[in-house]
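Order as written gives the chain letters A, B, C and D; numbering starts at 1 within each chain.
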Amino acid sequence: MADLPAREALATEICGIPLDGPVLNGSGTFDVLAARQVFGDVLIDEFPFDCYVSKTITMNPRPGNPPYRLWETPSGMINSIGLPGPGLDGFVNRDLRLLASLEVPLIVSVMADCIEDFVVLVERVAAEDAVDGIELNVSCPNVHSGLIVGEQPAETEALLKALRPLTAKPLIVKLTPNVANPHEVAMGAEAGGADAVSMINTVKAAAIDPQTSRPWLGAGAGGLSGPAVRPIALAQVRAVSAAIEIPIIGMGGITDAESALEFILAGARVIAVGTENFRDPKAGTAVTEGLPAALARRGFGSLAEAQAVTLA
Amino acid sequence: MADLPAREALATEICGIPLDGPVLNGSGTFDVLAARQVFGDVLIDEFPFDCYVSKTITMNPRPGNPPYRLWETPSGMINSIGLPGPGLDGFVNRDLRLLASLEVPLIVSVMADCIEDFVVLVERVAAEDAVDGIELNVSCPNVHSGLIVGEQPAETEALLKALRPLTAKPLIVKLTPNVANPHEVAMGAEAGGADAVSMINTVKAAAIDPQTSRPWLGAGAGGLSGPAVRPIALAQVRAVSAAIEIPIIGMGGITDAESALEFILAGARVIAVGTENFRDPKAGTAVTEGLPAALARRGFGSLAEAQAVTLA
Amino acid sequence: MAAEAPFGRRLCEVTASRADGGYRVFSLIDREGPQPEPGQFYMLASAGSWAGESGRPYLPRAISHARYDREPAGGYRLDFLIDEVGPGTMKLAAMMPGQTCWVAGPFGGQFSYPRELNPQAAGAILVGGGIGIAPMAVLRRELVERGIPSRTLLGFRDRAHSGGVGEFFGCEETRLAFEDGSSGHKGYVTDLLLQLLEGDDSATAAVYSCGPPAMLEAVRRICLDRAIPVELALESPMACGYGACFGCAVPKAGGGYLRLCIDGPVVRGDEIATALAGESDDG
Amino acid sequence: MAAEAPFGRRLCEVTASRADGGYRVFSLIDREGPQPEPGQFYMLASAGSWAGESGRPYLPRAISHARYDREPAGGYRLDFLIDEVGPGTMKLAAMMPGQTCWVAGPFGGQFSYPRELNPQAAGAILVGGGIGIAPMAVLRRELVERGIPSRTLLGFRDRAHSGGVGEFFGCEETRLAFEDGSSGHKGYVTDLLLQLLEGDDSATAAVYSCGPPAMLEAVRRICLDRAIPVELALESPMACGYGACFGCAVPKAGGGYLRLCIDGPVVRGDEIATALAGESDDG
C-alpha cells in the first residue's frame, strides 16, 4: 500500500474549471439554500462538494409533480419530483444571488422543451459572472421533452450546435441511461461541441401502491437512483469513456470513496454524489476524506494516477 | 381483508398452456439436472415452479465465459455466464430426456446469431413432444447477436415472421431491458406473431476488481439481476402491457409473493423467479405459498382478479 | 425559532428500549444536537443493521421525538415512540441498549404558541391519534412549563394500540377515545373535539393535532368550518429531512406544494389543500 | 458418495461464537441435514441481519465446515472457521448464540481416500493454508477414525492469523509454517511439503490441500511435476452452491469449465488448468 496521498493530490479540473477535488453533487440532490437554512453557516464553511451543481432550472416556475414523489426500493429509491422551481427569473434574481456566495465553482443545470427556450436559458445563465458552467439536462425521465433529445444522438448534436456559439463557458450534457447505446448520444454531444458529459441520470422505474394497487407515484412513474443503479452506471461510464475524448462527470449510486474511485477507474474525470446526500448530509465530505486511503489501497499516489487508468 | 384464496384460485395459463399457478423460473437460473443430483427426487416431488424454462440453448456446445462470472452488487448481482451448454444435439439427446420427466409444462429457451440457426433450433425443439413452448432469447447481453435483434423492433418482427410458420407451439420473445422503448420491440414481436413476451432480461452492468483495478468479470461486463432491478422491470412491464395484447411473463428481482403480485398488477400474466433461486432453492415454492395471503391483503379473491387489473 | 441542526449525521447510543401498548419506546443520547422544539423531528437509521434482507430500509426514517431531557453529562436524552409498520420502524424498534443509531436533525419547524396562532386564545386543545401523540406530548409539556392551559384528546384504535399515553402524558387532563370502545369514549377522537368545541367559545380556541391523515383532515375540516386556527403536524414520505430532495411535497391551499420537511412538518390548517397528501388528485 | 442435501434452505440456531487467532469460530445446530463429508460446504446467510448498509451481502456465502458432531437431540453441530474478509464473513462472524442462520447444503463432492487417489498410497499428506485448514481438519479426523495414516502441514501469514489450529487439529502430528517466522518453520508451507516429499517415496504419496489460490497452485505444480496424485479444495465466487447459476466456473485442463459447486469443490490437480481461477487468461 502506497503512502496516503495528501489532500492536494486530489486537486483536478473539469472543462478547465480548477477544483480542489473531484467531488460534485448530482443536480437536484442538494439544495444549498434549504441546507443553509437548516444547518446554518457551517454549511458554507464545511461545504461538502468541490463544485456545486444547481437543481435543474426551467423557463417558467414549476410546481413539480403531485405526491407521492418518493418510493424506497432495495438499495435505492425512485423519485418523480418533476423539477419544481422558481423559473429562470426567480432563479437568477433570487437563488443565484445566494449561490454566488459559495466558495466553490458553480454549474447551473437547465432544461427546456424546445431549442428556443434552451437558447434563452443558456444566454441568460451564461451571462452571470457567478456561473462557471452550464449543464444541459436532456435526460430527466419526468419531463417529456428531455427524453426525446437525450435519446437521439442527432437531436443532441443539433441542440449543442445551437447552444455552442452562445457562450465560451463549459457546456455539459447530462446523459440519460435509458437508451441502448449511451455512447452514441455522447458522441453526438461531443460532435456538437459539448465540453463534458455527466452521467447517469435516473433509470426509468415504477412502483405500485401496497394499499390501493394503483401506481404509487403521483406522476405514475419516476427514476431510480442509489447503489442499486451503480453497476449500470459503471458500465455506461466505461462504454462512453471509450467513445469520446471530452471528460465525464460520473455518478449513480456513489456512497463512499471506494465507489467514487470505481467511477474514476471506469473513465470518469470527476464524480458526483446524489442520493447518498439524503442519507448523510455530509456524504460529499465523507467521500473526499476517504479518497486518499482508497487511492493508496489500489496503489495510486494521486487522483491523477487513477484518472490516467484506461480499462481494456 | 378478503378470505384467503385457495390454491386452486392460483390456476392460470400462458399461451394456452394450463398452469397450476403463475410461478415460472427465469431461464438460466435453475438447472433441474444439477438440482436433482444435489437434492434428489424430492426436487421432482416438490418442484418449485408451475412451468419450467430451460437454460438458453445454442446450436453448438459452448464453454461459457472465462471467470470471474459473478459479482455481488447492492441488492443484486452481475453475471456474465456466457450461455455454457451442450448445444442443440446434446440438449435434445440427453438433457431433454430428463426434463421430459418433469410433471410441469416445459419451455425451452433458444438463441442463435442468425435466422438460419434460429430456424434449425426452433424446428428441432418444437418437434419434441416434451416441449410445450419455445422462448426466443434475443436479449442476452453477453452474446453479440442477441443484442442486435432484440434492440430493433423490425429485426424482432422479421425473426418472428421467419419462425412463426415453423410451429404451432407458443413462441415467446424474451425482451432486453437495455433499450429506450421496450414496448416498441414488444410490438414488433407481436406483429411478427409471437404468443407472449417475457421480460426483463438482465441490465447491462460492470464491476471493477478491487485488487487489480481491471474489469472484474472475465468477459469484461455482464448483466444485473435481483431486487435492484425490480423497479426498472416493473416500469417496463407496465409500459409494454399497455402496448400489446399478448401476455407477459414478468420477472426481475422477484423475491416473494408480494413482489410477484406487483408484476401481475403491472400487467404480467405470470411471473418468473430468477436470482432469488440462488438465495433459496425453494424460492418458487415460497412465492406460491405466499400468494393467497398477498392476494387477500389487496382484496383479491383469486389470481384472475389481480390479472384483470389495468393500471392507468 | 428552532436552533440549527448540527451539519451531517452523528452516531448516538441507544440507552433504553421497551414495548409499550402496541408501540415501542426507545431512548438515545444526543450529545451534539440542540434542544429540540415541539413539532420537530429527526432522521434516524439504526447503525450496522440498517438494510434488511429485502434491501430495505435504505433511507433514514423521519421520527418525531416524544420527549427530551437534559443529560447530566451534556446533551439530551431523546425518547421516541415507534409504530412498527414497515422495515424501517422494525429496525428502529429492534435496537437494543448499547447499539448506535445514525441521527440527523432536529429538523423542521415548531408549533406556534396559542396566542401566536390566535391572539384571543384561552389555551390549547391538543388532538393526537395513534403514534401522532408523540409531538402532542412534547407540545403539552412545553405548554405546561410555560403555564399555558391545555386540554388533550387522544384517540386510538383499541387499548392494544395506545402505547406512550401513561409514559408521556400521565393520567391527568387527558381524555381518551377508542374506536372499539375498549375504554374511554367509544368512537373517534374527533367526537371528543366536537363536544369540547360545542361547549367552548370557538373564538378563544387554538387547536393542535397530529395523527393519521384521515384524522388530521377531519380535525382540519372541523376547525376550518368554525374558523378556528389549527396547526397540524403532517407526515409524508421523506428521503432527506433537510430540503434536499423535494420529495416530501404537500399540496398548498393556493396550488403548488410545500416541502414538508422544511416548510413543516407543522402547517396551519388553511395553508394546505388537504392532509391526505398522497391521495391528492393532481398537481 | 455424499448424501443428498435437504431441498431448500433452513433456519439453524447459532450456539457458540468466539474469536480464535485472527479468525472466528462459530457453531450452529443443523437438525435436518445429513452428516457432511470432508470437502463439502454450506451456503450460509445470517437471518435478519443479512444485507448491510452497503446493500451487501446479498447472496449467501460458501463456507466449509471445520468439524461436525452428532447432537444428542438429533442432527449435527457444525463448526465453521471464518476469516472476516468482507461484508458476508463479517455478518457471519457477528452472529451471536441464539441468533439464526440460513443454511443450505451440505453441497459439493468430497475428498477421495488415499487409496482411491493413489492405489499405492501409504497415507495422506494434508496441506492447509489460512482459512483453508477447515476442510483439512475434517479430512484428517475422518482419516484418523478410519486408521489411515496422515501427516498435516499448515501454513499461516503469522501467529496472529492461525486460528483453529489448536481447536481443530490438536498439537500432535501437525507441522506449522509461518511466513513471518513468528513460530514453527519460517516460510511457506510448500517448503515443508517439499522437505517431506524429498524424504518420501513419491509413488506412495497422496496429497490433499486447501488454502489461498497461490498456495494451491504451488502445491498443484509440485505434485504434478512429481506425478503425485493431489486433490485440491478450491474456492470461487458462488451465487447458489447447487449448480443453478453456472457462476463458479473453474477452467478445466482440457479446455472448458467445471462448475466448482457440483463438480468440486474438491478437484484433482490434473483436472484443472489452474488454481488461480479469476486470473485465467481466456475462455
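Keep this in mind: a contact is a pair of C-beta atoms (placed from the backbone, for glycine too) under 8 Å apart; a residue touches a chain by one contact, two chains touch by 3 or more.
Because the structure is a prediction, the values reported are computed rather than measured.
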### Query
Between subunit B and subunit D, which partner chains are common?
A, C
### Task
Using the touch rule from the top, work out which pair, A-C or A-D, shares more C-beta pairs.
A-C
### Query
Roughly how many whole angstrom separate the Cα centroids of subunit C and subunit D?
54
### Query
Distance from the CA centroid of subunit A to that of subunit B, rounded to the nearest Å?
34
### For subunit A paired with subunit D, centre-to-centre distance based on mean C-alpha positions, whole Å
46
### Query
Which subunit D residues reach two or more other chains?
51, 54-55, 58
### Query
Can you list the residues of subunit B that touch 2 or more other chains?
71, 73-76, 226-228
### Query
Does the chain-touch network form a line, ring, star, complete graph or other?
complete
#### Entry: Residues on subunit D engaged by subunit A in the complex (per definition of touch)
54-55
### Residue ranges of subunit C in contact with subunit A within the complex
4-9, 45, 51, 54-60, 102, 104, 107, 236-240, 242-251, 255-257, 259, 262, 277-278, 280-283
## Note on the structure
In their shared complex, subunit C is touched by residues of subunit B numbered 74-75, 227-228, 255
### Query
Which bits of subunit C are touching subunit D when the two form their complex?
47-55, 58
### Message
Applying the document's contact rule, which stretches of subunit B touch subunit A when the two form their complex?
### Response
71, 73-76, 78, 147, 151, 178-180, 203-208, 210-211, 213-215, 220-221, 224, 226-232, 234-236, 238, 253, 258, 262, 265-266, 298, 306, 309, 311-312
